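In the two assemblies presented below, chain A is common to both, partnered first by chain B and then by chain C.
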Partner chain A sequence: MSQVQTLSPASAAERSRVMSTATSSALMLAPVLLLCGVFIFIPALLTVAGSFFSFGVTSPHWDFVGGANYARAATDPVFWTAMKNNIILVVGSVVLQVGLGTILAAILDRGIPTGSTFFRTIIFAPIVVSSVAVALIWLIIFDPNTGILNAIVKGMGLTPPPMGWLGDPNISIWMVLIVGTWQYTGFMMVMILAGLQAIPKELYEAAAFDGARGVKAFWYITLPGIRNVLAVAALVTTISGFKAFDLIFVLTQGGPANATQVLGTYIYFQAFKFNDMGYAYAISVVLLAVAVVLGSLQLKSNRRA
Partner chain B sequence: MAAVGALVVPAQSTELKMWILSGNPGNAQFLTEAETEFQKTHPDFKLVLEQLPNESYKTQLPVALAGSAPPDVFFNWAGEYAARFAKEGQALDITELGAKPGGFKHSLSDAWQSSFELKGRNFGVPTDAVSKYFFYDKEFFAKNNLTPPTTFNGLVKLCKSIRQIDPSMVPWPLGNSERWIVNHVVTMLNERVLGNANTAADYDLSAPADQLFTNPGYVEAWQKLVDLQDAGCFQDAPNATSPEAADQMFLAQVSPMTFCGTWCAATFDKDGYTGYSLFRFPSIEGGKGDPAATFLVPQGYQIAAKSQHPELAAEWVSFLVSNEQAVNYAKLTAAVPSNAALIEQVGGTEQFNWFAKDIAQSTGSVMVLNVLLESAVSEAYLDAGVEVLNRTKTPQQAMDYIRGIALQSKARLGRN
Partner chain C sequence: MPRFRLTALVTYGAVTAWSLFVVLPLLWMVMAAFKTRREIFTNPLGLPSGFSFDSFSRAWGVGMGTFMLNSVIAVGLAVLVIVIVSGMAAYVLARTDSPIAKGIYLLIVACFAVPLTAVLVPLYQMVSAAGMLNSPLAIVLPYSAYGIPFTTMLFYAFFLDFPRELEEAARLDGCNQLEIFFKIIIPLSGPVVASAAIFQAVFGWNEFLLAMLMLTKTEAKTLPVGILQLKGEYASDWPAVMAGLAIATVPILMIFILAQRYFVRSLAGIGK
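Presenting the complex of A and B:
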């Protein structure tokens, strides 16, 4: 018995409509896919391929070295310092920026008596300033000879005064974290505030009726209500932590003695200062892999939540 | 009719793009004036001058040379920096072009030409050499009966004396935020303790692996840096102070001395401060170095291999080191020119005359470590300077670290 199926006029029309939708979707996405291919996927593939070679910016030849660049990274203490610093920046930024952003947003959401817009603007302001300008401002603040920070410390009678804030390998990465927190907390605050304001007020009224106020209300109503916003904020901060470059480049150039080196700056220095593009490519691939894995894990946990 | 035809020069583009370091007073003015002079024989010539600050220059230049529109002529330091571009085919071999009539080979001594040579070929034209000296405030020294030291112990004593005069005064401001400042000091300490002959095999990584950077003199040199810090020579946070800030401390006469490049003379002169004099980096008691050896880094111009106008570029750089131009260069930049034929016509400041004479009389030259050493070893030395000053590494730990990196580099490069 033949299995020939005949389409009813209605299903044929439906199929045609679906086909037409798929075709038009593909056509509409094509330019973006093409751009992504040309500017993201092809360079990414070339980077992976280049990581197996030894060559410089101006080298006339590429020498195949297999996995030597990756093996070198595994035993390179500066690479691990950079990785550790990226992790410090990611964890520190998530805790400080998202944490402080949440606290500030909660304060503003509860309605401070006057000047809410003023405070919101002031706290948000650093994000609209370019990172280079932010770094230059903080360079002046941190200056060991004329900076206001040392003047304050001295004024507080603390002796001996601290060494240069950005010149001491033991503390410089924490100074970078502080500057980053100063710059981005306002952005987190605005994002979380939007989430807070989307929570229906009736929930708080009902909770209050049941005796849940203050911290309890925050814990059982506010936090679950902004869970998705917090997840996005954490994801954005994590990605920023791994992409860190401009602030560090201007503030410390990865120094002193590589103490503030992150993968981004290390890639730059390997490529353009030490003329070792193959190694820079290998570190870029590692950075890409870490970012993809972390991003996927975070998205997965968000979906599960 | 034929004679008239011979005078017609075929029309062609004669624009040259030139990259130089910014922040060298007088250099841009010299080049602009030289352009006007050069146009007398090359009416269509036009110079497109681009100035970049030190750190970005080092990173942007290789990218530009690898690109499709590199500068035709670019500044560079002699040594590893210049050799790298020659080895990679980015710098033009200008041996034949320089030998033409009016070429730089007729103006410069063989010794000067050798600074940009690789395997007997010329890959650049030296314009001058920079050196470093202690600049000191004559009035302050005279008022407090201080004299320029000739030995390391004398230098340590001088720092202590200045601190006794005024404990808040920084005797020798050290702006090491870019790391090369301390590297220059350690360069001289190594020479004074070990001598050039005892460091050569380590510096070019040709020493046997079991001997590479094992001479105890290296640790001793780092210890001398610590001794200077302990004597109160430097301020509290040298690693967080910029070189410019340190220069300003001397210029503002809040610090009585500084170890500065010969290029600093032009900066101080430009700001109207001439009340200073100079002294050499002191000898070290018991050291194997040559007290008359001078820190000396030749620098000059290279021509991009991709330049569309190699002959014109070679004529231009040769013109820059001609007798007359060298005199003007010395006048405007307070630099010691590679062509010293008419140096007596410069009529420079007292300080210029002093270091020009001192360089001429020096019995040896000391090449700075961050230019001389292989890049990874150079980085190790730069980082070690920061850590020793911060006391996060002892002199011995600093040398262990440098030796480790040097061994890796030696193995990677296959230097025997």
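Presenting the complex of A and C:
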């Protein structure tokens, strides 16, 4: 009995401490749940729900149309052009940005005796410049009248494309890819460099002892050592390839004649130019589905890396 | 020996070539800003004939100062919210074993996969219905929300490895969870907080799509939206546009060069 009496005040205090921890936990979690709920979760649900309706940006009437928006996308050539352009950007960016990023990172890690911080700083710098500024700078580099690219090409005795670098539907998406590579290769390089520096130096010494140096060491030690980092780099690049908007919006507005349209710009134009919200929502759902699949892959490989 | 010299030539050649490819457009932007409107047509490749700041004052007149201030305020607020809110949540989640906590963590991870581009339209309609268009909150709150998942995951991993002895000592001294977080955890989390803050600041400073939709009045615009307006107003005045770009990018490049070590540590973190 006496034991119970001595215990009970303590357990009451214990209980109140647990209670207050529960309360403070809830308080500390509430802002995250509120912000992510209101600005991520609800819009994501609305996107899926809205894709089955037809409505305008300010229209109070939502007409249920079932899968009509998706059926329309399936037969809309511009939607497929946009999808194709996203895939071109994704594949091109993975090859160029991750590929060049790996080579540059390997050179900075072991290929040059001095100056690697200097070069790393320069090559990484474009990541802090806003895409709008990057696009505007390249817009006048590509400009047929004032552009330096035409001046350089003419200086070499060649003929620049008569319709302009961004005006020719056959090459414009590749010009976008070049600008993206200019901006993001340094970012990939830095990510991969972090992975390279985690490879134990003894491995290289042992390999050099066995006669594997330079390119051989790169092939047999460096590449296997950064497999996981490369996978994450490729996924990050793939996701941003599907999210592409800024560069294209400023460089070409999706033109000429939809030649550089991507899902992001097409959503924007359907929603805010053609006031076709339901259709914009349906395309958004496609983008959302792609992003969620890729995002879960990224988290998986992140965990392994 | 000559073999090594050849290797050095190739490696230095490669990094120098890419560095030039990166630097020349930026250098050209600055040079074009000093050229006259005629010079930029007649002499696109050469140096400017003089150093006149006319185009800078034309660009500044559009409101570069206001754009910059708006960007500083929006990014500063968003980074502050992201760090505090994600930190608190990550700390609670890293110290709780209940299934509810696991569920909440999974929910936050799921939010990480949702790109802004895919939910842009409903987001715009919600913000517009709430009457928040052209207010800084119209971008501060979404930037915060979209910065939270990654930051929470980053902090969560950090707090799991955080030694518990100090927290226990503080608890015995009568500190509650909130006090422990602000008095013990945050002061000892400097590097990870700095990493998260830099990462989110770079994202927010450059974010364009949402800002363009939400901020349509000149006096409300942030830098990325503002410099696009510059191009709209000075359609053929490339020197003014380039001067505006120089005003917008040179300061951030300077900060980057001075603090590049921290930027590298922060941005390379996404691969981990």
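Criterion: the second predicted complex is superposed on the first by the 253 of 305 C-alpha atoms of A that agree within 3 Å, B and C clash if a C-alpha of one lies under 4 Å from a C-alpha of the other, contacts with A are read in each partner's own complex, and residues count from 1 in each chain.
We take it that a contact is a pair of C-beta atoms (placed from the backbone, for glycine too) under 8 Å apart; a residue touches a chain by one contact, two chains touch by 3 or more.
Being a predicted model, the structure only gives us computed values, none of them experimental.
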Contacts of A:F272 with chain B and chain C, given as first, second, both or neither: both
Partner chain(s) touched by A:P200 [first = chain B, second = chain C, both, neither]: neither
Which superposed partner A:G67 touches (first chain B, second chain C, both, neither): neither
Chain B versus chain C as contact partner of A:T185, first or second or both or neither: second
First, second, both or neither for A:P224, with chain B first and chain C second: neither
Chain A residues touched by each partner, larger count belonging to chain B or chain C: C
Partner chain in contact with A:V232 - chain B first, chain C second, else both or neither: second
Partner chain(s) touched by A:P256 [first = chain B, second = chain C, both, neither]: first
Partner chain in contact with A:F142 - chain B first, chain C second, else both or neither: first
Which of chain B and chain C A:V132 touches, first, second, both or neither: second
Set of chain A residues, in rising order, touched by both chain B and chain C: 57, 145-146, 268, 272
Chain A to chain C touching residues, read off their complex: 20-21, 24-25, 27-29, 31-33, 35-36, 38-44, 46-47, 50, 57, 100, 103-104, 107-108, 111-113, 115, 117, 119-133, 136-138, 140-141, 145-148, 151-152, 182, 185-187, 190-195, 214, 229, 232-233, 236, 239, 242-243, 245-246, 249-250, 263-264, 267-268, 271-272, 277, 280-281, 284-285, 287-288, 291-292, 294-296, 299, 302, 305
Complex contact set, residues of chain A against chain B: 56-60, 142-146, 160-161, 163-170, 253, 255-258, 268, 272-275
Parts of chain B lying in touch with chain A, wherever the complex brings them together: 55, 58-60, 62-63, 65-66, 84-85, 88-90, 176-179, 235-241, 245, 249, 375-376, 379, 383-384, 386-387, 390, 392
Chain C to chain A touching residues, read off their complex: 7-8, 11-12, 14-16, 18-19, 21-23, 25-26, 28-29, 32, 40-41, 44-45, 81, 85-86, 88-89, 91-93, 96, 104, 107-126, 141-142, 144-146, 148-149, 152, 176-178, 181, 202, 205-206, 208-209, 213, 223-225, 227-228, 231, 238, 241-242, 245, 248-249, 252-253, 255-257, 260, 263-264, 267-268, 270-272
